[in-house]
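Contents: one structure, followed by commentary.
As written, the chains take the letters A, B and C, and residue 1 is the first residue of each chain.
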Amino acid sequence: MKLIISNVSGVPIYEQIKQQVKAAILSGELKEDEALPSLRTLAKDLKISVLTVTRAYTELEQEGFVKNVQGRGCFVMDRGSELMREQLICKVENGLTDAIKAARIANLPSEELHRLLDILLEANTDD
Amino acid sequence: MSNTLKVTKLDFSLVKPYIKVIGFTMLLPIAFAAINRSILTGVSFAMCFIAMTTGYTFSVTEKNSMERLYGILPIKKSEMVTGRYLFVLALGAIALVVSLITQPIVLRAMGERVGAFDMISAAIGGLFLFALYTVFQIPGYYKYGAIKGRVFMYIPVAGFLATLFFLPKMPADNPIVTTVVSSPVLLIGLVLVLVVVMYAVSIWFSIRIMENKEM
Amino acid sequence: MTNYLEVKNLSKSFDSFQLHNISFTLPKGYIMGLIGPNGSGKTTTIKLILNMLGRNGGEIKIMGLDNIADEQKAKAELGVVFDTNYFSDDWQVTQVEKSISVFYPNWKSERFAEMLRKFHIAPTKKVKELSKGMQMKLMLACAFSYDAKLLILDEPTSGLDPVSRDELLQILSEYIEDGEHSVLFSTHITGDLERAADYITYISYGELFFSGSKDEFVDLFRIVKGGTEELSADLKEKAVGVRTFPTGFEALVKTEDTVAFSSLSIEPATIDEIVVFTSKKGDDYE
């Protein structure tokens, strides 16, 4: 997983970590039950405070993205969890909304749009 | 190894860069012994000079602000002080042994006779002078530091001159002096007791100074 | 949670300076930055912890041990780095080990050799031939060789170039990675701390201003910026410190007070800004 901390973005470092972990979970880069980097190692590698990483991980846990197993580390919750599903559905809706908007601009009839979706679905079943 | 001995070892490593000067200081008095054709003079000079070099530990410590090192080492202040005294005594003992070996060789080569009595009285005299110089010098260094306390470095010189000045004026016919001088055992015993008492008082003062000192 | 350092109501009086009721706690496994302008009492606090100065009041515990009653035991667990080295200039690096190692029962010679390799310190060099950064690393190498549990650094970054400063932060974060070591670190160059420190203790003019997590500290204040005419009396009243210049102003305001000024530009404050503005306020009082 890639984690990049920006010093100039004005976004607090713990928030940056949270966003990037969430993005990695949503993108599937971090899989179910996969461990997040060890808290202290991550702090060392990014040269940031241990407490900052602790805060990021604790908030991720509170929001239901990861679970903390005492003494073993933080693990990604299974993707079927309600929260993750909601977030994913939301992502789908956003994507579709964008597609609809683009289709309107292009004067694409809705049947055509449905057909396009079917073709794309077909093409993506392989993986 | 006890902490005191560790401090003594540390002191030896402090004066290591001065090892040549110290060696020269130990050997130079051979010349004085030869000029005066007396081992007593030679040893007295040797002990006076070596007492002056014991200040090196203080000046090296001060030059490098090493009070901070002493401040973080896991040792008691009393151990720092006793370790320093042990170092001073060890240095004195080495100088005494070196003088008692080298000086008779040179004197005998010059045709002088150096008997056992001369050797013992030189040893006792040297030990006493060394103690006299250092017991004032060390608390002075602890109190005023190596730079301000530099004046204490000259206590041995002043003491030596005073000894040279007063020694001939001592009433030789004083019954106590005669008794003591005529009985070497009594003399040795008396000097040793005196030396021990002097160091005990001096160490006590130095520890008090160190414990009240803020670094 | 075990505390590696506990300072309670620490006080010390000098003729011209007083340290008042300083209290803070450093838990095991974290880095604490001790900050404040020069002369605010950082070094005094550290010297009191080391019992190099006698305190007038309060209590200090190092890994649960009283710093005076159990001084030797506590110091055996303690590594200290000062802004300049405390070895004899004429010692070779090997002599440093010979002289110091005997005092620490836990000293591991292999560890010292490993540290010298890691820090690129030649064992045959004399202390005075080492650069300032190297001398600092030599002090660290010693502390690591007896596995000091608590590392105290007094102004370690002053006089260091940015590369050495960065290396130091790297070394410190590695040191606490296993969660068994803690660091207390005094500095007036707060940029160093901005990222690595977990806790901040801020001493200003001998008084404790703040002690707690760094994020909490930074979150206490905001920087409010605006044009000269926007600097209202209310804002002046609420600001901890204000800096005005011909084209506008910058003010440090408590976060809870910023609601009233939401029309102005509000930015997070850096540690430096907090220290600068709060110490200026201190000046006004004198």
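Going forward, contacts are C-beta pairs under 8 Å (C-beta built on N, C-alpha and C of every residue); 3 or more make two chains touch, one makes a residue touch a chain.
This is a predicted model, so every value here is computed, not measured.
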Selected interface, A-C versus B-C, where C-beta contact pairs are more numerous: B-C
Innermost chain, taking as reference the mean of every protein Cα atom displayed: C
For chain A paired with chain B, centre-to-centre distance based on mean C-alpha positions, whole Å: 78
Approximate Å spacing (C-alpha centroids) for the pair chain B, chain C: 45
Whole-Å gap separating chain A and chain C, where each centre is the average of the chain's CA atoms: 37
Sequence positions of chain B contacting 2 or more other chains: none
Sites on chain A at which at least two other chains make contact: none
Complex interface listing, chain B residues touching chain C: 1, 3, 6, 9-10, 13-14, 16-17, 60, 63-69, 71-76, 214-215
Chain C residues touching chain B - in the complex, by the definition given at the top: 47, 50-54, 71-76, 78, 80, 82, 84, 86-91, 95, 98-100, 102-104
Residues of chain C defined as touching chain A within the complex: 29-31, 169-170, 173-174, 176-179, 195-199, 213-215, 267-268
Complex contacts: residues of chain A adjacent to chain C: 10, 12-14, 40-41, 43-44, 46-52, 55
